[in-house]
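Quick heads-up: structures coming right below.
Each of the next two complexes has subunit A plus one other chain: subunit B in the first, subunit C in the second.
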Partner chain A sequence: MEWLLIGIIFSTFFILGSGRITSCIRAAAMQGALLSLLPMVVRGSLVDPHSLGLFVGTFLIKAILIPFMLFRSMREASIREEIEPTVSLHLSLLAGGLVVVIAFSGVFSRLPGANTPLIVPAALSMVLLGFLLLVSRKKAVTQVIGFLVLENGVFLFGMTLVKEFPITVEMGVLLDLLVGVFVMGIMIYHINRTFDHIDTTLLTSLKDS
Partner chain B sequence: MPVALVALPILLGLLTLFIRGEAKRRLRRFFLVVGAVFHFGGVISLHLRSTENLLQGFIQIDALGLLFLTIISLLFFLVAIYSLGYFQHEREKYTEEGVSHLYVPCMLFFLAAMTLATLASQVGVLWIAIEGTTIASAPLIYYHRHHQALEAAWKYLLMCSVGIAIALLGIFFVIASGKGSVTDLSFSTFIANAASLDHRWLRIGFILILVGFGTKMGLAPLHNWLPDAHSEAPSQVSALLSGALLNCAFLGILRFYQVLMAAGLSDFAQKLLVCFGLISLFVAAVFITGQRDYKRMLAYSSVEHMGIMALGVGWGVQFGTLLHVINHSLTKGLLFLTAGQILIAYRTKNAFEVRGLLKTVPESGWLFLIGGLAIAGSPPFSPFISEFLILRGGLNQGYWLSSFFYLLFLGIIFVSMSRIVLRMVQGERQQLSFRHESSSRLIFFPPILLALLVLVFGLYLPAPMISFLQAAAHLIGGGL
Partner chain C sequence: MYTWAVHFFLLLFLPPFFLGVIAKTKACFAGRKGPPLFQVYYDLYKLWSKGVVYSRSASYVLRMAAPIIFSVILLGGLLVPVVGASPIHFEGDFILLAYLFGVGRFFTILAAMDVGSSFEGMGAAREATFAALTELAFFLIVVSLVAMTHSTSLSGMLAWAKNHFLWAPAYLILAGAFFLILLTENSRMPIDDPTTHLELTMIHEVMILDYSGPDLGLILHGAAMKLFLFIALLTSLFWPPTETSFWLALGSSVLKMTGVAILIGVVESANARLRLIKIPQLLIANFVATAFALVIILMGKG
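Let's look at the complex of A and B:
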């Protein structure tokens, strides 16, 4: 269990420090795969239908379909490989480290209900790191990855703290995420076609004078 | 029956997804109207059947949800009719390609998601429905396919998705506060078991939910997507966004407010709501003053009215707030639909370039004047009544300071908005450089009906409507 959490946070740092979009997408897929293993480990059983269904659904959507769609929209929009962060990669790694230190500093780990003391701070740091990615990246694809990391953090909370969700609702949540990323992928394609790049800092013509 | 209200639009949407091509656009529009008519009929039959609460599976019907559902259905019905006329004009400008054939399917999915949001009995289903509204409406904002529309749609999609993810986090906190005592996760079980909920988790959960759904509702300072999306979307979509979608997010907040109220934390929730409400009013007052774009002005007016609703609940004036929800939706629907007519006639969104509306296009001019005065809060139109009720409630409860700011900001907005609206409608007749004689009656009928409703509700509230509103207000802790 602890190893899974450490792996998940490690993959986020890989995204934070990586200079290539393809490796970011691969790391996000890896993170999805690790995350899909978590409910089975938490529940401690491999055969009960609920955990199995959740594993299959999460793995399929987070580790296969969403990365596939991101790769496809990159290919179709012929996006250049390099990441252009608004703050340098070193600085964002440093900020990420700071965020994790704050999350693990013990304020939140005392909240009741968690099976292990690591789970709440780990989820919290994922959410904050997702925010960091969202604000420190310029390209539309990397912003989507930031959103995915944030969403994974929320999932981490949900899978471990909440055991009452019916499987239909969980599948609905996953499906919403899938369709959402699908629509984002289509928009990335259109952004690229309209502006000839997917740099969102130039999406600033709408403002109040 | 209630399930059909969600299922039918989805089925029709899937059907129209496969009807592609320029030649079949009439067929698609026909299905849009069919969906709207059936939905509206279904909602009316729900009103007639019984007033008791119904709970089956993930669906519940109570007065609160039914109130919001009725507003959505009426507005969607009128927007569907307006669409028929609006696209006769659009045809000259745009050829249908790319994503445009998605207009009707997305509208129908949007309707289904909003309906589910009003009927959801379970926290997870409510979340799925509200996220669904975001996904279904983003392609609608991008309808015109120019780069500003793309920018607005991207901002909307990303900001609201992140916001709603935060709301999901909040929902998990609320569930965790039950410590396993709430097994089916329905709102009614939460309210029944409210005494055993852990207050610390509940508080964190409500803050996150307020931030998350508040983003979607357009509460300042989380409103950044709203003016862009409302000004770039086609006008009838803006009418739906403002009059129906923002209400759905507000309903989401109200559902959790019910839980907090049952747990005895209503003071805490109300303080937060008053803060957000006052900030929204302030931001709206600043940005409406000197606004050049009349659609953006209407968008900021939505921020203002969402602020008034948050403030109303925060002051405990539940009846007035729910009345204001109705009045705002009707008036804003009227204004955006009329703004669409002005856009067709003048082809500009700049308020300074639109002069002499009353003489150039008299129908639109009168409608815009009525709507503008109504939304700014002048009598005898209905928003004045509800704004006054909220103010009276606030003073009765002794919220002197916040009442002062409420009046101050409303006063500033009244002056600035009337200046813009009056400048637009007055003046000499303008020669428009292109013909607009072909204006279809279909784009005038819906706003005229809305204007009549705004006027009638300002003068007289039917007794059944008052008792229905009281039943709904009772659910969120209000007397009269």
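Let's look at the complex of A and C:
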């Protein structure tokens, strides 16, 4: 349990610190895989059909489908490899550390229903780190990855509340996310077709070039 | 008194062996035969039987530097628990250890600047920058260990680990972070290449270009001893000997240290050196990881 949570947070650090989009997407896929193991561990049963179904669904969507689509939209929009953050990578790593310290500072760990004391701060720090990624990156693809991390944090929050979380609700959340990424993938493609780039800072200028 | 003598003897005569192990591992990976295991001892002997040449532009600082660096590292070595408790230990001795290494680094940098070569000045600047970044992570690691063990001396931390060693996640993060600090402090591969003498990106080697004869021997021996001390700290803090007999514990510790040396060799063979501008980022990531481990420990759930 602790191992999974710490692995998830570490993969977020990796996304924050790495300078290449492909390794970011791989880390996000890795994070999805770790996250999909979590329901089974939380329920403490490996063969219970409900959690098995949840595992398969989450794994397929978070670790295979979404990374695949991100890679595809990267290829189609012919995006360059390097990340150009608005804040330097050093600073965003340090800010990430600060955010985690705040999330773990103990104020928020008193939520009821948590199976392990680590899970609420971990979920909170994931949400905040995802938000940090979302605001500190320029390219649309990296912003999608930030959104993914944020959504994973929400999923983790869900973990704290479930004893019997109806499967339809969870599937609904996952499908929501998938549709979101799907739409963003298409959007990226269209933005790229229309503007020749996907740099979101340039989208605000009204020049007709 | 007896363990004191053994500790001193180990400190003086064991370090070059680990350099040999690392070189041998790297040679194995490259498919070569490599230099013999005891090559560094031959090198030291050769250097000791030579004379010294000083640059005409060098002042007394360069003449003083090598003995000071060596003795400071030797003094630090007396604080490090290699097997069981160290000869000298008191509350807060890790601060003295960190600053003894700091004094050694200070004199290395000062002597490099003393010669007046811009090339050596560049190495000095790099060393100072990276040292500043590793020191942060080093102190955070020690603070985490203090928080875990409620003891502020290195020997006390070791005694705790002897009783309560466990594969807690935070513990492994700390060990990994300490390994990276070991690589940085001893200018090993992903950070700096200890064998090159040609490129503009080297850090430690460029600062010792002006030493010769016994002085160079002292520097080389001091560097080997520093590496040995870091390896000893890593093994005795994170995987201490559990044997009760002194000699058995010594044997198992030396085996573990050889294992760490082989690990360093593997890391050096598997990684290319990082670009110089990427190194601060790696060190900051290391610092953030240790901060994370500290936070987990302070939550009491590590």
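The rule we apply is simple: the second predicted complex is superposed on the first by the 204 of 209 C-alpha atoms of A that agree within 3 Å, B and C clash if a C-alpha of one lies under 4 Å from a C-alpha of the other, contacts with A are read in each partner's own complex, and residues count from 1 in each chain.
The rule is simple: a contact is a pair of C-beta atoms (placed from the backbone, for glycine too) under 8 Å apart; a residue touches a chain by one contact, two chains touch by 3 or more.
Note that this is a predicted model, so its numbers are computed, not measured.
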Touched partner set for A:Q143, first subunit B, second subunit C, both or neither: first
Partner chain in contact with A:G96 - subunit B first, subunit C second, else both or neither: second
Touched partner set for A:E2, first subunit B, second subunit C, both or neither: second
Comparison of subunit B and subunit C by subunit A residues contacted: B
Which superposed partner A:L128 touches (first subunit B, second subunit C, both, neither): neither
Touched partner set for A:M187, first subunit B, second subunit C, both or neither: first
Partner chain in contact with A:A29 - subunit B first, subunit C second, else both or neither: neither
Contacting residues of subunit B [partner subunit A, same complex]: 58, 99, 122, 124-125, 127-128, 131-132, 134-135, 138-139, 142, 145, 147-148, 150-155, 157-158, 161-162, 165-166, 168-169, 172-173, 175-176, 179-180, 182-185, 198, 200-201, 227-228, 231-232, 287, 291-292, 296
List of subunit A residues in touch with subunit B within their complex: 111-113, 127, 134, 140, 143-144, 147, 150-151, 154, 157-158, 161-166, 169-170, 172-173, 176, 179-180, 183-184, 186-187, 190-191, 194-195, 200, 203-206, 208-209
Touch list for subunit A against partner subunit C, complex: 2-3, 6, 9-10, 13, 17, 89-90, 93-94, 96-97, 100-101, 104, 106, 109, 116-118, 121
Complex contacts: residues of subunit C adjacent to subunit A: 169, 173, 280-281, 284-285, 287-289, 291-292, 295-296, 298-299, 301
